[in-house]
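Here chain A shows up in two complexes: once beside chain B, once beside chain C.
Take a look at the complex of A and B:
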């Protein structure tokens, strides 16, 4: 009896603790995306992208939107910060906001320019949210604009943008975490940038069922933040991969360059012949799927400089030039031309970052920190002023491992091509 | 004590068997004198054999006999039954009554204070049939049946060794049920047999109707949900248990024998594990382990996930669950409890069902419960999936009563998950595992060889190793020598 009483007293406290925060699924509003904008009066405008369970139910069963209802709804509220806005938003919602699935955070351009430090804290502090979240800047617009746009391929625009940036070769679903890491290391930051893209050419609907391209959300590139965590500028879609490659984060990208047909066609000609640097002509596309970067800081005497070796492996996807790719020397020509082209592009982007943004988004300072920790102590203080002037020796080494399933082109004759 | 007076003896018997209409008396009168009387139970003896081997020699004997020498007659009387295989003499009334009730034919003779008992028992019994509760794909088909002697013969024909011991015991004050303790001498631990013997002797019941009566009496922990004594109707299972050093108890009139002590893992080993190729058997075994846990955990995990830990579910899944749950009026726990309850009801109804109404119940079960309830929006679709998956999983147990234990534990676990979430599930599982490792039926740890760990015995738990690699008996079971066979080169 005595022992049983003791056992009872020991078991009772186990039941008094635990998660009593039971919340039925039907009482929660699942937040998939969260947007923050700066309003005119200095307040923040929060926008939430919520799942509409009823709509996705009918959509799933009948294969289409029913009664024009889409799978999501957006709600917004003003507030002094994230939590305050969330509370203000709650008064419009019959269900509790549940941010556990908040995978995407949108920042309006205006807010980004003013600085994001004032709102980013909650995304790491609250136990309800996940740090593996994407954070985007909406270039030339507000978060609300971007989030209100219906996206056709997915039920929800918030899910769409996350997938778009994954498919563009960026690391998967962790740009917020990466931003935190960078902001604490280099003092600068980078996040993917979105933009609202109208169709290139407007096509009218001729019948009810036509589906011409519509205005949609797209990836712009990357937004760069300086040490004040204020928006310094953007790298566009043709530039942002440079930073990913140098930071060893790029996973896939195709590169298209122009080969001069006149030079390429000389039989037995050296690689140099292909490098005539023409600006129009026949194109070759190489799909690169393995990227590597080696950054070596060189510290002799004064200013540090860096040797950056960028390696890649890929195969030729398209060849519109007269080159016969079943010959190794022609593949070598493509390789050489590609290396030259990539080097030029990369150097241009790096220069732009150094001169215009003056922020070390490539993590070059980190390599000094790792290799020469004592030198870094003296350098780190004014790295921001040193970085724009450092010399970079960039070399690109692309290795073409395949030419697709045809060697020679299936088209019999080409302008100036080998027979 | 019997008297030499035949009329007196018969009178006494008739008094004893008053109102027993199945007791038959047959007088043999020769020359107007009652010379002998046969008493037998109608329906329990072989009438033709009695006629041929008892009645005819008896008449011959009395016709030809002229001598009155007591001793000689005694010898002769016994000799005339030589054609019969089993014959004995009884001097005590009680002895005679017992023998008659066993089905033997008692021959009372005039002037003799003893009775001849001819064992010409022949009872109605069914043929050996296929096991119904433990099916196999490959393996022997025969099953135990009600007759004790047939059952022992099924063991003996598989183990032709004098070390298979079959100790007999009578239990039940009124039923006098015969119970046989079978074990392999030299393999089994002496203490285990001694313990079983003494526990059986302590049983004081008026009747043993079924082997489960014995099971509940000799079990170590009656209040545990887990079975600690295995039962089987398959002789091959019984034999392999005997060879592992376990004890088998056969009860008369029960087609299920008891195997003790049972371990948790033996409840998860099926006969087909040993007849299939070992790679496939290992694969199937792991599927079974998975399903065992599904049957216990799936509904509670679902409830805990959807009401407490929404973050853990992948986003697309949470959206589809949320849309399926939309409009369902009940909280997830109640929904799960109701559905599990209904499933158990369906299962129970299915067992007792007369064959003719079977389709009616399955239609009602499948259509009403499965479809209509979802269409009406009372229960959500994922819940129906969860419950049916759990239902299927709960039949993946090779040993039926281990499955019932898990099926029952599901309900408190569901409540714990509904009240406390993952924390509740973990709490419950801790209590459950503490209970399981403390069970020691007949001194053998229930979770052996996993806890306490005996690595070389894991070859029949984590995997099903080739037979030549399963050399070792459980050290808790075997006497001294624990290798099953000498080391082989292959």
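Take a look at the complex of A and C:
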């Protein structure tokens, strides 16, 4: 009996080789990026970014090109939705589309304006895809335009945007998941936005080996969606960090402000003196790497208001003012000036969101829901109309922990600084 | 066939955690939202009570299984009649676990492999183990894999820690209410209370008695705590809205592991230990079903022959379940929670215990 069983178990693997799900690597077209655009007739245009099997073998040569071939290809097809387009795309492909590495999704601006409700379901449904996915809106363009652009540092532009996103200070690779969570909570949503950036100054290529800056893909900021999940507007690269900080998600950002000439002229004095309105002067940059936000809803009759305390820790990276940073009171001055500058900046962005977009992307409603659940029951119904008029008391408390490897600048003191 | 108390402890843990982490969460989170963890605490406490009652009952008859002592309490026919729901339950559980296993595997790994292969191979392995090793083999497998399961779960909890967002648990209690929370506790409770099958395993331990009871209660308590952590983690990762919609939120949470670029794709480990859990659970059920049916028809010695009946019947039942494809909600809520929980897990043990102690006093 025992031997028979063993024999049976030895024979079984020969018969059961799992042929049903056999999918050789040579038969797969690995999808790294997926784009959706709205076509003229209400159909969708899907674009897939596929890894070129031969190119990816021989490492990344310059320009993502190997012997004149780029390291990726894009393919596109029309369709009624994601899967339909994928099927239509398949007829042009010799290999089966394999979405297991589909970590980046691009949405064309037109589609975003029309609303993403109709296409976002598949990204959370397919079991072959990991939930860690980036989703981007391509500002001022179509997904296809953005995806077709070769990227110099990486062989594949989809990898490039993923890495750019990771360096932006926002949570890494979870914009799709966060979008789902947010759309269920507040009803609005937010996605990182990309844009095609031409070089700031055009420099001609004089010889074959020159490499002047080229048109490339870059982060624009954040795209804001309203409760119908339609694009309401954008926050640009100088603004999108405000939302992240208030929502307790920001991880890194440098801030540069002008130190007024008065501050610099009178090197002594107290920190409060630094708060004299400055329009011109010398700049200081602080790199902040620890962020915290405390939102306290205040409900006493009438409209709810919020006290928002934003804390951060960072060190001075650049100081072009004549301030001698080896003295603590001068560091305090920078701190005070920075707090003032950040407060003004943040208030401006918050106002813009309240007035222009009218969507609670900061999750203020959520904090009422969490702290005062019973009050929220009456407030939640018309929160969308209440939010634009809500009063916010924003305070920024930056803590400067260091000044780099020098206190006083290595430059000789010239312009009105301390001798 | 003897197992130690420690083996019994691990057997119960593997049986409880594997399936529970995977399938009950969605239903509970959907109804109780961010308060699902309260439901899980409630379920854990109730499950301990139910386990205690069953263990108490078994301690009165330390040398007999449920089939034997129910006959001793209620007489030959009464005893036979009252265990019928249990025998039905065991067959039913086996086919349902197999179906869940098949659905899960098809969804995540083997998209096209036919159902009978997935189920057949699992039944084959279980049959081999139970036939050749009996309860001892199951005990040893659990003793070996239980700690591995714990390590992998600990790793999972640790590596997903950076995804947690505490405020997602708020507000506590305000959005639900006592009735909703109690209702949400039913699904995890009904699966945790499967530990009442200890009434079949009790006499096989080395020294059935107080230590065995302790091991059982510890196992159920420990499983409840792990499940509580699981549900807290899911809630804090996905929030109540998304967590209540994902079919296997715990597994999706594992898929999110992404640390320092190179620590990712943990899901494959979790799937592996999960399959071992399913294997242990099936083996235990296969054993008690064969043994129980053998005792029921009065031929205890030839219980091994009955495996050759039980296994094919299970296979056919599973194929039927897959072909008919009844909605999962109906099975869990409509049958398991509505009938099996109150009748098999609460009413019958309490009734047997009451009659037994009543007779004892009269004597």
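What we mean here is this: the second predicted complex is superposed on the first by the 390 of 419 C-alpha atoms of A that agree within 3 Å, B and C clash if a C-alpha of one lies under 4 Å from a C-alpha of the other, contacts with A are read in each partner's own complex, and residues count from 1 in each chain.
Going forward, a residue touches a chain if its C-beta (ideal position, glycine included) is under 8 Å from a C-beta of that chain, and two chains touch if they have at least 3 such contacts.
In this text, all values refer to a predicted model and were calculated from it rather than measured experimentally.
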item: Which superposed partner A:130 touches (first chain B, second chain C, both, neither); value: both
item: Touching partner for A:85 - first (chain B), second (chain C), both, neither; value: neither
item: Which of chain B and chain C A:30 touches, first, second, both or neither; value: first
item: Contacts of A:185 with chain B and chain C, given as first, second, both or neither; value: second
item: Touching partner for A:51 - first (chain B), second (chain C), both, neither; value: first
item: First, second, both or neither for A:21, with chain B first and chain C second; value: both
item: First, second, both or neither for A:390, with chain B first and chain C second; value: neither
item: On chain A, positions contacted by chain B and by chain C; value: 18, 20-21, 130
item: Chain B partner contacts - residues on chain A that touch it in the complex; value: 14-15, 17-26, 28, 30, 32, 51, 53-57, 60, 98, 100-101, 103, 128, 130, 155, 159
item: Residues on chain B engaged by chain A in the complex (per definition of touch); value: 306-308, 310-311, 315-316, 318-328, 331-332, 418-424, 427
item: Chain C-touching residues of chain A, taken from the complex the two chains share; value: 2, 5, 9, 12, 16, 18, 20-21, 127, 130-132, 172-174, 177, 180-181, 184-185, 366-367, 369-371, 373-374, 376
item: Chain C residues within the chain A interface of the complex; value: 107-114, 117, 121, 124, 128, 132, 163, 167, 170-171, 174-175, 238-239, 241-242, 252, 255-256, 258
